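Two complexes come next, and they have one chain in common, subunit A, joined by subunit B in the first and subunit C in the second.
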Partner chain A sequence: MTELQADRASETLTTPRIETRSFRSRYRDILIALVAFAVLAALPFFFGSKALLDFVIRCSAFGLFATSLNLLVGYTGMISFGHGMFFGLGAYGFGLLMQRTGVPIPVAFVATLAITAVFAAIIGAICVRLKEIYFAFVTLAFQMLIHSTILTWASLTGGDQGLRGGIPRPVFFGIDLANHVHLYITSCALLVLGLLLMRQIAQSPFGYTLRMIRDNARRASFIGIDVWRAKLTIFVLAALFASTGGMVMALFVSGAYPEFAYWTISGEGIFINMLGGVTTFLGPMVGTVLLLILNDTVTRYTEYHGIVLGVVILFFAIGLRKGLMDYVLEWYAQRRDGPGERG
Partner chain B sequence: MDIDALAGCLASPACLVTQTTSGLIIGMLLFLVAVGLTLIFGVLKVVNFSHGAFYMFGAYFAMTAYQLTDSFALAMLCGAAGTALLGLIFERVFMSRVYGADVLMQLLVCYAFVLIFDDVVRMIWGPEFKSMGMPSAFQVPPLFIAGGVVPPYYLLLIGVALAAALVLGLGLARTRIGKVIRAAAHNPGMVSALGINTGLLYGGVFALGGMLAGLGGALAAPVRSLTPGMGFSVLIESFIVTVIGGMGSILGALIGALLIGLIRSFGSLGFPLFTEGLMYLFMVIVLVSRPTGLFGKEVA
Partner chain C sequence: MLDIRELSKSFGGVKATDNVSLDFADGSLTAVIGPNGAGKSTFFNLITGALRPDSGEVMLDGVDLAGKSPPEIVRHGIGRAFQVASIFPSLTVQETMLAAVCADQRRSTVLHRRFPLVETRDRAEHAMELLGLANKRHRTAATLSHGDQKLLDIALALVLDPKVLLLDEPTAGMGTEERWRMIDKVRELWETQKITVVFIEHDMDIVFKIAPRIVVLCYGRILATGTPDAIRRNDAVIEAYLGTEDHAEAVT
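Moving on to the complex of A and B:
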C-alpha cells in the first residue's frame, strides 16, 4: 500500500503537468476576479441602497484583513493573535499621512504600505522563531504595545478619541473618494485585487513551501528551505494586506480609532477564519460576511453581544470543530462520491 | 522621559521604599494570576487565555461578599472558593473537550469565554467602575519605613501572596498530591495507567489555578477599581511574566512577576509614557537571549 502511494506521489510530481495546470488555473482565477469585480461594480446601478454599499465596503476591509490572516493561520500554521496591529497601523498610518502631509492618496497608500512593511519586518524578526503558543502570545503582546502607544501618544494620534477631523480626499486620476460610489468601487477594486494577489501567493511554489512548513517544519528545513526567512516573508506580506484593509476602513469611517489596533480585532480575525474555514481560500471571505451580518443583527437586538458571539464561537469550536466552508466542502464531497461509498 | 526623577528617587530612601512596595504589590498580584496560568500550562498543556476572567470574578465575588457580610476574611474566602468552583466547572464542561485539539481551537474556546464572562459581569454588576473600599480593619495610619509610606494592607497582601507561593512550592515538592501533579505533567498516560483519575486531577489543577487568580482578584479589590474587562490587562501582563519566567516554572513566575512589578513602579517615574513599552522591551530581550524564559526547561 505504501508503494502504491509512493507511485502516485511520483506521478503527480512530474513537473510539466503541474506547470500547465497552474498556468490554466491562474487564468481561471483572473477571470473569476474580473467577473466578481464586474458584479460588485454593477451593484450600485441596480440597488441604490447606501446601507448595502456600506456593508460591502466593510466586508472589503475585514475580508482583506481576514484573508491575509489565513495566509498565516491556514497556509503556514502560524497562529497570530496580533495581526490586528497591522490593520490599526494601516488605518493610523494612512490617516496621519493624509492629515499631516497632504500628499496625494496613492502616495500615502504606498507610504503606509512601506511603513507597515518596516514594522512587520522588525516585529516578525522577533516573533517568527517562536513556536505555536509563544508566537500567538508574543504577537498579542506587540498588538497591546501598539495599542497602548496609540493611547498614550495623544499629541500624534489623538489618544482615546482617535484621529478626528476627517481624512482629506483630494481627487486623483479622476477618482473622488469623497463620492460614496467612487469609494465603494475603489474598495471593491482593492478587495478583488488583494484577493487575487493573495491567491497567487498561495498557489505559487512559495505558497506550497508554506504548506510544507505548516505540515512539517523540520523536514522543510532538512531539504534546504530557510524556514525562518519564509515565515518572515509571509508575515510581512500578510501584514501589507491587513494594512490595506485598515486603510479601506480609515477611508470608510473617515478617521482611525484605537479599537482598530485593539486585540479584539485580531480575535475577530481568528474567529472569522474559524467561521468560514481555513482550508479553502475563500473561507475567510465567507466568514467575514457571516460575522458582519451576525454582528449587525445581534447588536440590533441586545447590548450583550459578547455573550451571543461567544456562544456562536463555542458552537463552531466545540460543536462543528470546523469552519462552515470546510463543512460544506466535506458534505459536497460525500454527496459527489455517492451513497454507494457510505452504504 | 524623566531620568532626573528616577535618579532622584533612587537617591532617596523614602522614595525607594515607597516605589519598591508599590512594585511588590503589582508583582504579587501578577504572580497570583501568572502562577495559575503556568501551573495549568505545565500540567494540562493548555494556555488558559480566559485566566484573567478568574481574577475579575475573584474581585467581584469579594466585593459582593464584603458588602453583604462586612467581613474581610469572608470576602477573601468567597473570592477564592467561588473562582475555584468556576474553574472546575469550566474545565470539566468545556476545556476538557479541546485537549489534544490544535491550539487554534483552545484559543477560540477561551476567546469565547473572555467575551461571555465580560458580558456576564456587565449584566450582574453593571458596566461602570466599582470599588470595594478599604476594609475598616485596615483603615489605620500607614507605617513609615525609612521615611517611606507603607499602608498596612500592602504588607498583608504581600504576606498572603508569599504564603501562597510557599505553600504551593512546598506542596508540589513535598506532598503526595504534589508528586502526582508533577508526574501528570510529565506523563499523563502513565499516571492514568497507575490508577489515578486524571480527569479529576486536571479539574483540580484548573480549580487551583482559578482559585489563585481569584484570590489575587479578591486581594486587589480594596486597592483597585473593578470593571468588566479588568481581567484582560492582567492576563497580558501575567503572560509576559510567564514568558519571562519560563512556562511551567513556579519560581520563574515569582521572579518574573517581581521584576515586572518593579519595572512598572520605577519605570513610571523615569519613563511615564513608556512604562508598558519597558515591559515589552524586557520581554523581548529575555526571549531573544533565552527563548524558553529565565527558568524554563528546553522542550523537545
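Moving on to the complex of A and C:
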C-alpha cells in the first residue's frame, strides 16, 4: 500500500515525455554518425601515420562483425558460436568474385551479400529453432564445416594458403581502393553506415520484438509474434553485417585466409562483446577497439599474449561481471539520478 | 462465441482434460474452479495453443482453432494472462505495451521506422489507463510490484483487443486486500470492455460473489456448471470440493 502510494507520488511528474523522443533520437543518431564520419575522415590530414589508419580499418572490419553479433547475443539472446563463418564467407565470397569474374567492386559487394543471405537463411533455418546450448553448438558445427570446406576445396579457395595473388581493385565512381586513403575512407564509411543501419534495426519495432524474445520468448508467442521467423530474420540480417566486415578485411589484406572462417573469429566476437558489454549499442565497438589495442600492445612485449588476454577476460567475466560500457552506463545512471534512488 | 467440443488431452495414462464440452457466450464472465491438479491450467493451455489437444474442437465464431500455434490463436482473438506474471523484465511498461500493439498490427517486423509509431500510441495509452499503469510507464517491468506485474500481464493480453480473455489465477500470490482489488479490476474490465472473460480462481468467496457462471473441473472432467447458487447446492461439488474447502485453501 505505502509502496504503491509512494510510486504514484513520485511518477506523476514524469508522464508525457517519450512521445517526441524517438523522433528526435533518429536525427540525433544520424547527426552523431555524420560527426563521427567527419572526424574519422579528417584523421589522415592531421596524422600521416599509416599504422593509425590501418588500425581504424581493422576496427571497422571487426566492429561491424562484433556489433552484428551483439544483435544476436545482446538483443535477441541467441548466443552464436559460429557467427565468424559469415565474416569468412564475406572475405572469400568477395575475394573470389573479384579474382575470378572481374566484376566492378559494387557488384561484387552486393553479390557477396546475396550469397551470404542465402547461406544464412539455410543455416539459420536449421539452427534458430534450437534451444540455447544446442543453438551454440550447431552454429559452431556449421562454422567448422565451412572452415574445412575452405581448407579442402583447394582448387577454388587455395586451401590453407588462402586466396593469394591479391584482390584486383578496379576504380569505381572515382574511388581507387588501391590507394590507402581511399580504402581508409571507404572502410570508415561502411563502418558508420553499418552501425547506423544496425542502430535503426535495434530501435525499430522489430528491435523491440527481439528484446521481447530475449526476455520471454513464450510470452512473445502469446501476443502473436512468430518467434521462429523473427529469429531467422535477425540471424540473416546480422550475417549481412558480419559479411561486410569480412569484405573490409579482405580488401585490407588483399586476400582471404582460412583463419577468417575459423571458430576463433567467432570466439573473438564473443570476447569483444564481453569486453565492451552487450547492454549498450556501442559496447561491442568499444570492445573492438580495446581488444585490438590489447592485441597489438601485448604481442609486442610477450609471446604469451594468450595468457594476458585470458586474464583480462577473466577479470571482466568474473570480476566485473559485465562489459566496460555496461559499467560506464551504470555509473552514469547513478550520477544522474543521485545516490540511492535506483536500486 | 467460444465453443469447446469434446476436448481431450492425456499425459501418459493420465487424462488431464477428459472430453470437456463447454460454451462461453459473447460478453460472459465465467469462473473455472477445481482442486489442484483438476486440469484447469491444461484446459487453458489447450485453448491457447500452448498444448496440442489429442482430440476435440476449439471453435471461436465458427473457426476451429484446435492444434493451431499460439500466435495464430492470439490473432484470432483469444488473449491470455498467466498464473505467474509472464512479462518482459527489461522493457518498460510503455515499451511493453507499444511492442504488443505493434505485434497485433502485424508491425513487429517493421525495420524502417522508429519505435513507437504514432498510430500505435493511442491503443497502448488506453490499455495503460485501463489497468492503472499509466503513471508507471517508464518503470522497467522487473522493478514493478508483484500486483503491478500481474496487471501488466493482463494489460499485455487486453491491449491486443481480444474477443476472449483467459486469466489464469489473476489473484495468485496476493494478500486478501490485494485480491479483492484485482478481482474488482477484472470485473470492471469485463463490464467496460464487453469481452468474454474466463478466469481460474481458488478463493471461493471471490468466485461466488463475482462470477455469474461457474465451471467446476475435477480430474479433467466437468463436474458441474451453473450459477453460484446451483453450484453451492450441487451434491457432487460439495462432496468433491466444497466440503474440503478449508483443506483446499490451506494447500494452495
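Throughout what follows, the second predicted complex is superposed on the first by the 318 of 343 C-alpha atoms of A that agree within 3 Å, B and C clash if a C-alpha of one lies under 4 Å from a C-alpha of the other, contacts with A are read in each partner's own complex, and residues count from 1 in each chain.
Simple rule for what comes next: contacts are C-beta pairs under 8 Å (C-beta built on N, C-alpha and C of every residue); 3 or more make two chains touch, one makes a residue touch a chain.
Only a predicted model underlies this, so the values are computations on that prediction, with no experimental measurement involved.
> Between subunit B (first) and subunit C (second), which does A:I270 come into contact with in this model arrangement: first, second, both, or neither?
Touch status of A:I270: first partner only.
> Looking at A:F81 after the superposition, I want to know if it touches subunit B, subunit C, both of them or none. Which is it: first, second, both, neither?
Once the two structures are laid over each other on A, A:F81 reaches subunit B alone.
> Could you look at A:S155 and tell me whether it touches subunit B, subunit C, both or neither (first, second, both, neither)?
neither
> Counting only touches as set out at the top, which of subunit B and subunit C does A:I126 meet: first, second, both, neither?
After superposing on A, A:I126 lies in contact with subunit B but is clear of subunit C.
> Residue overlap on subunit A between the subunit B contact set and the subunit C contact set?
Residues common to the subunit A contacts of subunit C and of subunit B do not exist here, since the sets are disjoint.
> Using the touch definition up top, name the residues of subunit A that touch subunit B in the complex.
Per the stated touch rule, the residues are 73, 79, 81, 126, 129-130, 132-134, 136-138, 140-142, 144-145, 148-149, 152-153, 263, 267, 270-271, 274, 304-307, 309-311, 313-314, 316-318, 321.
> Which residues of subunit C touch subunit A in the complex?
My answer: residues 48, 50, 69-71, 74-75, 79-80, 82, 86-91, 94-96, 98-100, 102-104, 107-117, 121, 134-139, 145, 147, 156-157, 160, 177.
> State the interface residues of subunit B toward subunit A in the complex, per the touch definition above.
Touch residues, subunit B against subunit A: 47, 94, 97-98, 101, 103-105, 107-109, 111-116, 118-120, 122-123, 232, 236, 239-240, 243, 247, 273-274, 276-277, 280, 283-284, 287-288, 291.
> Quick one: in the complex, what on subunit A touches subunit C?
So the residues of subunit A in touch with subunit C come to 1, 3-4, 7-8, 11-12, 14-15, 17-19, 22-23, 25-26, 200-201, 203-209, 211-212, 214-216, 218-227, 229-230, 233.
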